[in-house]
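This report concerns only the one structure given below.
Labels run A, B, C and D following the written order; every chain starts at residue 1.
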Amino acid sequence: MQKIYVITAGGTIEKVYSEQTGNVQNLDSKIDRYFQMLRLPDAEIAVTHLMNKDSLEMTDADRTRVLAMVREKLADPAPVVITHGTDTMVETGLLLQSNLSELRYPIILTGAMTPLGFEGSDGLQNLTESLLAARVLPAGVYVVMHNQVFPVDRVRKDRELARFVWK
Amino acid sequence: MQKIYVITAGGTIEKVYSEQTGNVQNLDSKIDRYFQMLRLPDAEIAVTHLMNKDSLEMTDADRTRVLAMVREKLADPAPVVITHGTDTMVETGLLLQSNLSELRYPIILTGAMTPLGFEGSDGLQNLTESLLAARVLPAGVYVVMHNQVFPVDRVRKDRELARFVWK
Amino acid sequence: MQKIYVITAGGTIEKVYSEQTGNVQNLDSKIDRYFQMLRLPDAEIAVTHLMNKDSLEMTDADRTRVLAMVREKLADPAPVVITHGTDTMVETGLLLQSNLSELRYPIILTGAMTPLGFEGSDGLQNLTESLLAARVLPAGVYVVMHNQVFPVDRVRKDRELARFVWK
Amino acid sequence: MQKIYVITAGGTIEKVYSEQTGNVQNLDSKIDRYFQMLRLPDAEIAVTHLMNKDSLEMTDADRTRVLAMVREKLADPAPVVITHGTDTMVETGLLLQSNLSELRYPIILTGAMTPLGFEGSDGLQNLTESLLAARVLPAGVYVVMHNQVFPVDRVRKDRELARFVWK
């Protein structure tokens, strides 16, 4: 049984539609419901709901909290998947990369362009890919989405294309 | 084969999630895709995309266009289903009721609290119900949603409950 | 609040895929899960799981049990929806029609050509239509599927077309 | 742009429900529809529909055809994903492993316990995982399903558990 830490930080992947406001918002975490759609007979998924923010609203203090939580988890080493808004995912990843040394497992940042459960969502694809990547990638910090694996220092978001590209 | 007119006016039922803005908006009509999920072997669905507006932004002129389009269709009489934002659906329905006389078929207004294709959406349920109601209700103007049938002069939206109730 | 009785008798609508045998079978009732996908704020759905049979295997005794259950429910009169295999749905419906008199509400038989939850399934459409029909049809025994309403003595299944047609 | 060959051999993943027979069968390939649900902006998926068989009915000649097709593709080397029935997936994989030398990319066998598009299906998960694995695994022959990666000579199907396990 492979333990995989999942830390949720919010972002589009977790947004829900509010019937009262008619907007999509980061309200309740819904990622657990989607994990239940996957078959993970050999994985122990340990989810920590850290925050639920649009990543454009994440502050330096928020990013430091992500780093602290990863450090806490790595006391008992295992792969880490972080769900995160795409707009500042790379920024958080670079902070992790520059502050964590001697990693023994991969740390994977993922998210979505369209929220989980909305037609055309890429959320479940990205979660599925990230959990597989968590098992097979070498130690390092990565962005995994859309069938692509990027080391975090080689990637940038292309807003127009609505995806990540090499930099 | 029963002809059923469908006139789309926008509203939440047709909203789409925009990856560029991160909001839900009335952009492209998507109702035709959802009709294709239904089996309608004895129905000829004639769809007219009239407008695609949040119903809070509909003007008197917009409502007059809806009325004119219904009149145009009724030259060749058949049931009419109008998809419409819920916030002013009753207002449009009352305009139809007071301006159309000697109806031979029902006119049904429907919509959704959550857009078609979003998790938990009531859109396909309401469409399905409205197409069935179009065949079996007597002549008149109705709101049909959530397994309820309301004559348009007996209904109001309850924003807090996110549904229609008797008035 | 409108009470609606639902009596489940099995049929394709309730079939599940068995990973052990690789076949679809009538094993566990799953209709309740699908009711939860519908918004029914003004309906009290009272479900009775009577049997779970492929309707080609239903015997005269089984049909008599359906009749007895409907009679039992009608002691406290309300509309009745019966989910049933399509192959002998009409046979059961005719039995009900000839044995029940002075009906005050409609009795609706429905089912599916493809099981609930399988791609392209008509099951949820037919359930949705039947629950709406239960509210608005006059007293009588009907088959409701695919946006059509048939009095039970006017309908037959067309196996080649995979649907019901007028007789 | 990464080319990935996909060779379809049938199996549960491609089974469809037949309304005429009431059984699930290998009739038409449906995998292309499911690829369209995935975002693969940097992958060129080259699909070859080789056969569509329940893997219990695959003969030695069938397995030789799979091997020949893989050889043909590897003339222009790229990763290969083979969708295949689970019952004899390992047998086909072992044939590939013993007959292909000097692989430069991974060859991945995958399938499903429940057909694509049926409620609870693992098919899209397994496809998603396999396409990611195709990019990141070292050369070799693997079974990839359910968030697990097995070298083909280390795996067996456990019918009771309805999944693959280490041997």
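We take it that contacts are C-beta pairs under 8 Å (C-beta built on N, C-alpha and C of every residue); 3 or more make two chains touch, one makes a residue touch a chain.
Treat the numbers as computed from the prediction; the structure is a model and nothing was measured.
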For this session: Work out which chains are contact partners of both chain C and chain D.
Result: none
Exercise. Per the centroid of Cα atoms for each chain, what is the distance between chain A and chain C, given in Å?
Worked result: 45
Seminar exercise, completed: chain A to chain B, mean C-alpha position gap in Å, rounds to 39
Exercise. CA centre of chain B versus CA centre of chain C: separation in Å?
Worked result: 28
Seminar exercise, completed: Multi-chain touching residues of chain C, meaning two or more other chains, are 113
For this session: Could you draw the chains as nodes, link the ones that touch, and say if you get a line, ring, star, complete or other?
Result: ring
For this session: Provide the residue numbers of chain B that touch chain A in the complex, in ascending order.
Result: 12, 15, 17, 19-20, 22-24, 54, 113-120, 159-160, 162
Seminar exercise, completed: chain C contacts chain B in the complex at 37-43, 113, 122, 125, 128-129, 131-133, 135-137, 144-149, 161, 163
